[in-house]
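Here chain A shows up in two complexes: once beside chain B, once beside chain C.
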Partner chain A sequence: MKTSLNRHRNIIDFALSSLLRRKMKNFSLLAVYTLIIFVIASLLFFVNALKREAALVLADAPDMVVQRLMAGRHDLIPAAYAEKIRALPGVSTVTPRLWGYYYDPVFGANYTLTVPPRPAVEPGNILVGAEVSLNQRVRVGDMVAFRTSAHIPLLLTVKGIYPAASNLVAADLVVMSPEDFQAMFNLPADRATDLAVTVANPRELATVAAKIVEFFPDTRPILKSEMLRTYDAIFDWRGGMMVVILTAAVLSFVIFAWDKATGLSAEERREIGILKSIGWETADVLYLKFWEGIVISLSAFLLGGLLAYGHVFFFSASLFEHALKGWAVLYPKFKLVPAVDSYHLAVLFFLTVLPYTVATIVPAWLAATVDPDAAMRS
Partner chain B sequence: MRKSDLFLIFTACCGIIFILMLLYSHHDQATAHAELCDRARLARELMLTDLCLFTEARYTRHPSMADLHSPFQDHPFSLEHFPSGSFISPPALSER
Partner chain C sequence: MIELSHVTKSYNVGRNNQFTAVDDVSLSIESGQLTVFKGPSGSGKTTLLSLVGCMSRPSSGRIRLHGIRPAFLAAEEGNDGFDISNLPERFLTEIRRTTFGFIFQQFNLVRGISVRENVMLPAYPTTESHAAFQARAEELLRLFDISRHAASRVEWLSGGELQRVAIARALINNPAVIIADEPTAHLDSKLSREFMEIVALFKGQGKTVLIASHDPIVYDSRLADRVVEMRDGRITVSGPEP
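Right, the complex of A and B next:
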């Protein structure tokens, strides 16, 4: 046992010396390899944490939201629909929701204006998200001027600011009273943006949704399960940028592995020839190449994984920020709750470390089985 | 010190940090639970249906509420021009 351990330690010593002889090549290889694993791991951590957050935060979302569609677009829903839906068997509550968007031409940002079902502020007052307060440069007690649909300024006092910890749900929110909302958009009094429906028995949701569509063919019920599935699908690996990043990273890795698998350099062949001529066995040469592969790939995996963890959970995935921000002026900065899936890490390990190690051993095995004299002369 | 020892110490340290990272992610979930509960409470009180991830277009701000062809609403051959739109895959087909 001890002899075997010592043998491997000697081989690792030799493998490290051999790698350090080609310092520039191997350090640049390690850096690029680490970078590839960092990008893939960052993406996995980020997407996994976001999906988990969505599932937990939206667990208490309305059971069903009923929209009205007009000419294929979302339209305001008459309040009379609420009364008829409330009368359906199985329906517990129907709450008209008032919400909309406001584009601020001064700061160039889009805000989400919403009215809570239970009044949270008096008319003339608002609660704002942390990013809205930063964007508008306002504090509690300051006045904000919004332009109504009739282009009349509406002065509102900031009564409270949601903490930055709630950015993931409230960064762009402006919570106001129903009166101010009506004044902002000149909304007809008997209309709402949509209806939030609660059903006593969740198993009846599909039946209630079918009845709503039957009674009101111009409506579109959206179930909570569909909202949650949207966030499961939102960062699906097939989604646009996701597939581009993954393909680029996987292709770079394939190029590495291919470069290794297609053969050894003349110098490496000569080295194998010399080792065999001084008494190394084929198994020792294969161990040497195995450890060379492990030193590079395992180090890259560990470093890339650790850097990705720091990037996503300590630095809020700042490298992805520009891609995620797009044209938006208001970008919610949020700190994700660490959620690392060991299954994902295991898949990443087996897809990166093992192929590279195998790609290192195979050409070495081909070179080690030829005559040492022929290997040195080649 | 032998090079092999240095490598083994480096790998062991990284491995330990890696395991701590997995453990910390569980530990930190407990400490972040209060903040998470606040977010969930806010979503419940305001009856929110979506996370605030992309604010540039209404169908990326509220993807679960967007109608199915909203990215192409300007005209039938209108191409998607909001970068975040390229992140979002088409909504899953309804189970109903």
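Right, the complex of A and C next:
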């Protein structure tokens, strides 16, 4: 049956066989293209997943955290401040928090020690993250020996282990009672690490923060919105180190596409002349080059995207996790929960597949506008 | 019938290097016959064939085709032939693809793809199904005894085999007119005679054959119905019109 669909199917068929005859060239092209897509997509997936995790963490964060400053550095805050801040108009709750870091010289790991607002364990007991239990090789009911700041061993019983699914939040976590925490760090009972403040009306946050600073000049209120902004500045794909890496990858792509655009070989020009002389229209030649470009760029896009997905969500972005995950703690081997932003994917598609396809069509169009009788004279 | 009336083709018009390749040529070519264009290199044979084959447009003059009905013509048009001198490229391409089969001096086969694919090349941008023109290609490969090379790349073939592939390619869309530019230039006498046997086959099928050649095996052949001699872009001897 004669249909116009046949024409496109025939041209696609020839485009595939045309690509296969330059196996080495096209496979190396595909490899470079896939690598660039892989780097960019990995970054997008990674940052998006991290932002999602961070948003989950911050979702439970208080509206404001009040720290005390001493000589420009974070200092323990008197628990008595909590009562005075609670008395300020607009403030709902003020909770003194106890948390800190502990380096275990035996296992060479940092743990985050914390005391929940409502006691979760009795003195002498702890709850630990999955990585801590692996690291210490302990199970529920086992004893763990920590060393206090006075270098006295403190024996604690593991009462529970957080599941691995909560790894980003809990991998390095050790939850203990206030008494054990104070014993660990020789902390006075009337001091807290900081104060978690919630405000009834979010619009009053800035006013409440200003009043806290007015009444307690040695404190520093940190708003939740400021924490979010900091995360964005570091991890947003248009900000921070993302811009540097993304720019490098996009520039590589531009160079790559430019090279392709200017690299129509004499052999390819000759072929275009032959095709025109035996009855191919300029549009047919452009379709051919379009399909060749689409096959390469779409394959690279899908392959690079899939590899990036595997790299980020199955191998924990092992290529650049240390650069991007920050300085924290145990370097937990957590797996990010797959979170792909379709907007980012669409941007990536339009910034890579389309320019490459255009880059393959333009030189072909220039070559295809020659008179077909040129082939008679070659 | 192909009718040329005062056809001139000039290149680089208005520049210092302007030259006229075909100069005021008028000629009628009958259908179903072999017309040989004879003349030295640069005499305008190739240019004339490219004009007739819709590869380029004349600078002046008219070329009319009779007995051919391209799809773009309305039902009432073209009964007494139609002028191809000023057609847009799209229409010229369609006529070129459906009406003419070309055999080039250098064969102009595409390297890196198989013999079969080379033969099918002119049929790819058509609305026909791949299976249909592939079956036709296989038939042509059998006809020219090159089936065993169907899957081979063209760069592995000998000169004679290359030419048979080029001929098979010219026939894939079943054209009414075959145009061959110096088809025996790279062939020995034996292969040149074999080529003329294939030309006899074309004539037997009622195809019009136009050959530009300065090979006596071609222009002295008894198959030639007419020999047109050219020099400096003009016809010097137009041969007896049949």
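Definition applied: the second predicted complex is superposed on the first by the 329 of 378 C-alpha atoms of A that agree within 3 Å, B and C clash if a C-alpha of one lies under 4 Å from a C-alpha of the other, contacts with A are read in each partner's own complex, and residues count from 1 in each chain.
Keep in mind that, in the parts below, a residue touches a chain if its C-beta (ideal position, glycine included) is under 8 Å from a C-beta of that chain, and two chains touch if they have at least 3 such contacts.
If you're wondering where the values come from, they're calculated on a predicted model, not measured in any experiment.
Applying the stated contact rule after C-alpha superposition, one finds that A:28 touches neither chain B nor chain C. Of the two partner chains placed by the overlay, only chain C lies in contact with A:282; chain B stays clear of it. Once the two complexes are laid over each other on the shared chain, residue contacts for A:3 go to chain C alone; chain B is not touched. By the touch criterion stated above, A:373 is placed in contact with chain C alone, chain B being left untouched. In the superposition on chain A, A:274 contacts chain C only, with no contact to chain B. With both complexes superposed, B is the one of chain B and chain C in contact with more chain A residues. Of the two partner chains, chain B and chain C are each touched by A:13.
In the superposed pair of complexes, A:265 makes contact with neither chain B nor chain C.
Applying the stated touch rule to the two superposed structures, the overlap between the chain B and chain C interfaces on chain A comprises residues 9-10, 13, 17.
Interface of chain B with chain A (complex): residues 2-8, 10-11, 14-15, 17-18, 21-22, 24-25, 28-29, 32, 35-36, 38-40, 42-56, 58, 61-67, 69-70, 73, 82-92, 94-96.
On the side of chain C, the complex with chain A involves touching residues 46-47, 49-50, 55-56, 89-90, 93-94, 96-98, 102, 104-106, 108-113, 117, 121-130, 169, 173, 181.
Every residue of chain A that touches chain B in the complex is listed here, in rising order: 9-10, 12-13, 16-17, 50, 53-54, 56-62, 65, 67, 69, 72-74, 95, 97, 101, 109-110, 112, 114, 116-118, 120, 129, 162-163, 165-173, 175, 194, 196, 206, 209-210, 220, 222-223, 225-227, 229-236, 238-242, 295, 298-299, 302-303, 305-306, 309, 313, 323-332, 337-340, 342, 345. Contact residues on chain A toward chain C in their complex (touch as defined above): 1-4, 6-7, 9-11, 13-14, 17-18, 21-22, 267, 271, 274-282, 284, 287, 371-373, 375-378.
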